[in-house]
Amino acid sequence: MHIAHKIGVRPERRQFLTACTFLAAGALLGAAGRARAAPASAGLADPGLIEDLVAANHILADQGVVDGYGHVSARHDKDPSRYLLARSVAPELVTAEDILEFDLDSNPVDARGRKLYLERFIHGEIYRVRPDVKAVVHHHSPAVIPFGVTGVPLRPVYHMSSFIGLGVPVFEIRDAGGMTDMLVRTPELGRALARTLGDKPAVLMRGHGAVVVGTSLPEAVGRSIYLQMNARLQAQAMALGGKITYLAPEEVQKLRGIGGYERAWELWKRKVSAR
Amino acid sequence: MHIAHKIGVRPERRQFLTACTFLAAGALLGAAGRARAAPASAGLADPGLIEDLVAANHILADQGVVDGYGHVSARHDKDPSRYLLARSVAPELVTAEDILEFDLDSNPVDARGRKLYLERFIHGEIYRVRPDVKAVVHHHSPAVIPFGVTGVPLRPVYHMSSFIGLGVPVFEIRDAGGMTDMLVRTPELGRALARTLGDKPAVLMRGHGAVVVGTSLPEAVGRSIYLQMNARLQAQAMALGGKITYLAPEEVQKLRGIGGYERAWELWKRKVSAR
Amino acid sequence: MHIAHKIGVRPERRQFLTACTFLAAGALLGAAGRARAAPASAGLADPGLIEDLVAANHILADQGVVDGYGHVSARHDKDPSRYLLARSVAPELVTAEDILEFDLDSNPVDARGRKLYLERFIHGEIYRVRPDVKAVVHHHSPAVIPFGVTGVPLRPVYHMSSFIGLGVPVFEIRDAGGMTDMLVRTPELGRALARTLGDKPAVLMRGHGAVVVGTSLPEAVGRSIYLQMNARLQAQAMALGGKITYLAPEEVQKLRGIGGYERAWELWKRKVSAR
Amino acid sequence: MHIAHKIGVRPERRQFLTACTFLAAGALLGAAGRARAAPASAGLADPGLIEDLVAANHILADQGVVDGYGHVSARHDKDPSRYLLARSVAPELVTAEDILEFDLDSNPVDARGRKLYLERFIHGEIYRVRPDVKAVVHHHSPAVIPFGVTGVPLRPVYHMSSFIGLGVPVFEIRDAGGMTDMLVRTPELGRALARTLGDKPAVLMRGHGAVVVGTSLPEAVGRSIYLQMNARLQAQAMALGGKITYLAPEEVQKLRGIGGYERAWELWKRKVSAR
């Protein structure tokens, strides 16, 4: 079992973890974990989880959150130190045969000769320090990018997007890696991104896109879709002029228990299965 | 027969009802009505009405007025104290089998074990105090939300949207319920919303969406579509700069008799039946 | 043969006709023509023209220029004092069986019991005073409406829309009819609209839509599509800030001979026939 | 073999070519080359190249980069002094049978009675002076045109569009030809456009569209799609207000080796082949 799991970053302790703790834990684990070359498999994942992961890829494309790029992963249901992610392919084309298993250092259990996403470290490093997270989406949603390149913060204008009120920081890769090709292509950059994310539901990446997390695939996908929607609505509201009434912190808290977009997930899934 | 019907809020008296009257009537009826647990059925509704209600769900999705959320209801043709609304499901997926019957307290006649829309009180409380209303749409149209969160009033810029000239108030749920999860999940909140609607064709809900009413399903659906269109056009006109010529009150009045979007309804219905 | 044709408003004399002449001619002809009840048919129209008119209806819907409303007509190929227009139905649903023949007073030769477009006078009154015009489109293109309600003139920013440089006036129905329901539902209002159009390719209707004319169906349809496109581009260019370089009058003149959107017409027609 | 190829404007010398050199070379070659009437064929092109060229036409239409107008070419794989381009037809309708072979003076080897694109000189004159270029796209992308008519420069806001950081100049046809019909319908205008392009990846055409080049069809198509995307994102970011962080020159350089949109090309191609 992987050390990240062993040290017991349990969900119930999440609220006590600060960005500093994330940093320290990530650094330690990264050093310990990267020596391994061929991680063992956690065994077969739940077929329903694989089906949902394939659907999540198709849904994100169908809803305009991803184009030819972006990726979505799920934590392995049999072992929290493993996650599932497609080989390097456009999300809309992903099939169950494309899904590979990775450890938290983002080494594949068996790559089967497939090309891997260069930025898979986004997923591994977030799963390592966020045990509450069961699904991670990385996307280039066009509505969101303008907020990442300006100083304008995303704020919740819409009840379906209330999670934005928990905070959506911006990751400036120059702070972590100086002048790069802007890709999160190393464990170090992945850890820096995870630190900026902290305990929040999403993080914008300047000039690049965003990462959204959730306690389930429907939640991570739903938050991606409504992050995009809020970005559109906020931009339109700002263009109208006038003073904007954002959701109050109390409203954001009261909406936390509302659930994970189940009704919409049923629709989104049906739409892509009907293609 | 339900007391709301008995006390004779007849259509012909609608013009005399003020927001204050709505308030008083709603409070009285709400108190009287909520004791019942298992309301009797008004009998089978007209199959054509059920067909139109299913079509209305699909049309609102096809025209981008609703996504996975939102709902549309029709008053029962056999009994004005009953209304028809789907079980909790995305509008695009609604079939005739999903349609349930409710009394004006929004108790189902027979839920058949189905999950109900939390916000069904929107429908019941409006039908209670607006006998002229035969159909109600609740939606989250993205074009409309920016007007609900800013101080900018929706005004009629387009002859197809002339009903906006009758007034489209904004419902601030904080005024009715303080800090909530923003859902109209109680009879009290439903009544507060109905009071803000008053005798108008539509009401915006801050940070949430809108409710649109009509004397028929085609009218409520058509108004929803052209509320959305006017919001887009008004935002674009404001962005162009220059002074906007809105419809004059006299033009709004002369357009009242123009009808209920019949020509478009035929098209909208054909488009969703061809899927 | 109709008097409008007899008095010889020949195409080659078009350039001498001023708005004043249009007014006088229209008034005279309108008075003379409106006495007739059952105009004679000009005989069967060219089947290719009917096919193109049906295609024009579908193309305008497919390209988002019309929704459930709007209409397109063609002058009869056998008699310039007759025109062809569908019965009152959404453009997307028009079939060859829906096409009716009208005289220039907009009386149907044989209505076959069908409901007629209330605003058919737009077509008749333009054909009467614009012998060069062989096709007329009335639409509510959303991109165009903001220009009609603000003081911001449409100007040519795009070479495919160069005809806008010939002038696109705005028709304010209040100037012609005072406070109305904004519909061009009488010959008088149709004549006023035709006067505002003058010798131009298009006219905006405040708070309503636009009318676009052409020497052929492909030209009138193509101009409708590129009027819409120019409106979008101009609004975007204005939003960017900076000084806009519009097409110069000389460029507009040099582009006049470029043709009638034939290459695009082939595509547009193929797209709707493949449905 | 064509003189342009013989004089050895070799890829490895590209970095030494300046805009002035382009001008001189173009003028010389143009004069030498235009005497020929019936250029010889370079023989059959690679069927895979033809297939990709047909796909490129369909992809550009599917992605909204072209409408009924615009065209895409590829340099012949057997002879760098020949290029492949469709007869005059809307890109969405192009089939393998429509592909013709041209020399760098844009004379067809065998027109087979087909009508030719008036603006084919764009392609020939760029291939003549840019030996690194293997594919050329001319399009009227709506998102891009506003930047061409204002003084606002396109700048890279998005890592997928990093090539914009290499420079995207604006071609003002008035500088080259005075008042024209704005079409690049002569070799002289084609050479002027190629001079403005210089060694850059793309050039905007004021009031008209853009030309995008690449070392392969996937690169030229991908750059066209992400030029459009960057234009949308930059306009949105500017509308939000605040200071925009563009890609730094070092980031642009580090992203140069990232490749030619292969993953997206697979998706784009699959989408059009599934139609």
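We just call them A, B, C and D in the order they show up, numbering each chain from 1.
Basically, a residue touches a chain if its C-beta (ideal position, glycine included) is under 8 Å from a C-beta of that chain, and two chains touch if they have at least 3 such contacts.
Just so we're clear, the structure is a prediction, and the values are computed from it rather than from any experiment.
Colleague: Quick check: superposing subunit B onto subunit C on C-alpha atoms, how many degrees is the rotation, to the nearest 5?
Modeller: 90
Colleague: Subunit B and subunit A are one sequence twice: same or different residues at the contact, by the over-half rule?
Modeller: Mostly different residues form this interface, as fewer than half of the numbers used are common to both chains.
Colleague: Could you work out how far the Cα centre of subunit A sits from that of subunit D, in whole Å?
Modeller: 37
Colleague: As a quick test, compute the distance in whole Å between the mean CA positions of subunit A and subunit C.
Modeller: One centre to the other, that is 52 Å.
Colleague: Going through subunit B residue by residue, note those that touch at least 2 other chains and give them in order.
Modeller: Those would be 239.
Colleague: Taking the touch definition from the header, please name the shape of the chain graph: line, ring, star, complete or other.
Modeller: Here the contact pattern is a ring, one closed loop where every chain has two partners.
Colleague: What's the complete list of touching chain pairs for this entry?
Modeller: Those chain pairs satisfying the definition are A-B, A-D, B-C, C-D.
Colleague: What does subunit C use to touch subunit D in their complex?
Modeller: 156-160, 162, 229, 232-233, 236-237, 239-248, 250-251, 254-255, 257-258, 261, 263-268, 270-271
Colleague: Give the list of subunit B residues in touch with subunit A in this complex.
Modeller: Interface residues on subunit B, with respect to subunit A: 67-69, 88-90, 92-93, 140, 142-143, 145-147, 149-152, 172, 174, 179-183, 206-208, 235, 238-239.
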